[in-house]
Amino acid sequence: MWRDALLMAGKDLRVEARSRVAIGQVAPFAVIVLVLFAFALDPSRGILVKAAAGLFWVAVLFSALLTVQRSFAIEAADGARDGLRLSGLDPAGIFLGKALAVAAELFVLEIVLGAGVVVLYNAPIHGYLLLLATCVVATVGMASAGTIYGGLAVGLRVRETLLPLLTLPVLAPVLLAATEASQAALDGVPGQGVAWLRLLGVFAAIYLTFGVLAFGSLLEES
Amino acid sequence: MALLAGFPALAGADLEVSAGEVVLLRGANGAGKSTVLRVCAGLAEVASGEAVVLGCDLRADRRAVRRRVGLLGHETFLYDDLSVADNVRFAVRAAAGDVNAVKPALARLGLDGRLARLDVGRLSAGQRRRVALAVLAARRPQLWLLDEPHAGLDAEARDLLEGLIAETVGSGATVVMASHEVDRAHALANRTLTVAGGVIYAGARPAAEPLHVA
Amino acid sequence: MTRTALLSRFLGVATLLAVIAAVIQGLVIMGPTIEQHEYSRLLVVHPPLAAVTFVAFGVTALASLLYLIPRTRRREWDQLAGASAEIGVVLCALTLVTGSIWGRPTWGVWWTWDARITTEALLLALFLGYLALRRIPSDVEVRSRRCAIAALIAAADMPVVHYATSWWQTLHQANFRLLQPDKQLDPPQLLGMMLGFLAVVLLYGWLLIHRFQVEQLEERLDREGLAQALTERRAEGLMPPVPAEAGSR
């Protein structure tokens, strides 16, 4: 399983390196979202700085949707399921590999977005350790849940509209917890954020397990 | 019987193939030829009846057989953003095959040198089919399932294809091919069967090697 | 009359009686309270609806699990899951609407972000996603498995949602208004709420049986259509359907 996962992740990341979609398209999209927030909320009244943590995570969430869509779009438009099944790879390995690749891409995006928030919203950064931990755990959770739903929707014609509908409600608590944890870090009270971090960890654990167990079943269709 | 979204694609098909044979499936479009191949690849579910391929019971576990068969279908399952060589290498490693077989396979199909480094997305449809063939050649599965293999290939590639088939059968593999190219394919095949209305006609021969789909 | 029909009839009558009783209690016997005037009558419907929504979701999740486990796999579980989800989504929507109607005159807001109602809102989204999946045309077994997995994934999310929203509420308590006042309920109100619970539970059960039966009928229709399709498919062939005699079966 692990060998297959690394093979799959390596392939996905190599495709990304060649096509540069995450860097070239999703990252600019995410930054544009940050800019749009600034248009929607009056920058002069300090709302942006106060809401910076939440806005950051909303932008990450939308980027995650795009990243997952892309992850499954590269598996050849039609016959994607067939391709994955015929490859001979262990489905659990396929899941882990894809989730790993998505998580890696998201992590890079978060660094870009973090810089964006600091620059565009003049948000000061404190509590680096908690912020980093939050990013890692939340990203793993988002990547796992997203990859499960991506696998569920792969090959369906209504994939583009179905994926957000299915994934966002499930990721809502991740948004909540990540925002609270980040806010605690920024406010200089990292102790409060640890409980949220634990919740994020539980979420990630649940969905990683689910993915490993259920992905094979999801791919199996005629 | 094999169902395709509730539609009976195969409605009572009997098939027995022995090792080292080349079987040609003929039939009109929509007759069920592709479905027979998909069932043998362990992709399509068999709703009723018996199905044993390469010793694996497909009704018990469809997944086990997939590493040992190679399906050349209408889609190529190649990654547009990766090079030819990368694609073949990935497919071989995924199937736990021998990576050393990649270079010779590419050379065999005229895909070495500059072409090997080209992204698959830039290739023509015919060239992409060649790459798919290279994947088969490199993976060396025991059962080759070819769906319209001649389609989209130029004359040179067709010769390569036939050479490959001959070679692989010579080394003990089995080939089941669905084709409209009656003349060329007929020459290659030991046996010709017709598929119509989800049923296979022109009956069976008792098999030495267990490879039958009922 | 068959046993199921008898049960369904009995349940239907019981539901009707319970609903009537609840309505009488709620509209006639229960007096308007000082703080909430007539709107306190919503106590009879809102909490029961909220609770039974969770029950419906639980039934969907449990039935999905039973469907996925090979040893207990039966078509009935998937049909039950689908039926419960459809009723659940309606109950969920009604919960949110009644909550909104209650909240507006009482606290001046159409919506409040307390843990329970937020969870219900997310639950609505999860239900809608599940139902969207069910509508995608595919082979019945395939669709059932896909939906069952989706239901379980959504169910796994619920504890996380619960904790997240509860902690959220305690952190930002000053700005939230809890939808249910903590004060004690006097006997007529308590009775009203109990009758409401009874009525909604019975209503759910009755609707579930009927919706479940409709699912079963639909599948039977498809299956019989299949036999027909099989015959027509074979007729497409060049020769009359007399498959190889020498072949094994």
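By written order: A, B and C. Residues from 1 in each chain.
Convention: a residue touches a chain if its C-beta (ideal position, glycine included) is under 8 Å from a C-beta of that chain, and two chains touch if they have at least 3 such contacts.
Quick caveat: nothing in here was measured; it's all calculated off a predicted structure.
Trainee: Name the chain with the Cα centroid closest to the overall protein Cα centroid.
Mentor: Minimum centroid-to-centroid distance belongs to A.
Trainee: Compute the centre of every chain as the mean of its C-alpha atoms, then state which one is farthest from the centre of subunit C.
Mentor: The chain farthest from subunit C, judged by C-alpha centres, is B.
Trainee: For subunit A and subunit B, what's the span in angstrom between their mean Cα positions?
Mentor: 37
Trainee: How far is the middle of subunit B from the middle of subunit C, if each middle is the mean of its Cα atoms, in Å?
Mentor: Computed from C-alpha means, the inter-chain centre distance equals 47 Å.
Trainee: How far is the middle of subunit A from the middle of subunit C, if each middle is the mean of its Cα atoms, in Å?
Mentor: 30
Trainee: Could you tell me which residues belong to subunit C and also touch two or more other chains?
Mentor: Within subunit C, the residues that touch at least two other chains are 138-139, 142.
Trainee: Counting only residues that touch at least two other chains, what does the list for subunit B look like?
Mentor: Residues 3-5, 45.
Trainee: Would you pick out the residues of subunit A that each touch at least 2 other chains?
Mentor: Correct list: 220, 222.
Trainee: Please give the residue numbers of subunit A that touch subunit C in the complex, ascending.
Mentor: 145, 148-149, 152, 156, 158, 162, 165-166, 168-170, 172-173, 176-177, 180, 195-196, 199, 202-203, 206-207, 210, 214, 217-218, 220-222
Trainee: Can you list the subunit C residues touching subunit A in their complex?
Mentor: Going by the criterion above, the answer is residues 68, 122, 125-126, 128-129, 132-133, 136, 138-139, 142, 145-146, 149-150, 152-154, 156-157, 160-161, 163-165, 167-168, 171.
Trainee: State the interface residues of subunit B toward subunit A in the complex, per the touch definition above.
Mentor: Going through subunit B, the ones touching subunit A are 2-5, 41, 43-45, 62-63, 66-67, 71, 73-82, 86, 90-91, 93-96, 119.
Trainee: Which residues of subunit A touch subunit B in their complex?
Mentor: Those in contact with subunit B are residues 4, 7, 11, 14-15, 18-19, 74, 76, 78-79, 82-83, 85-89, 216, 220, 222.
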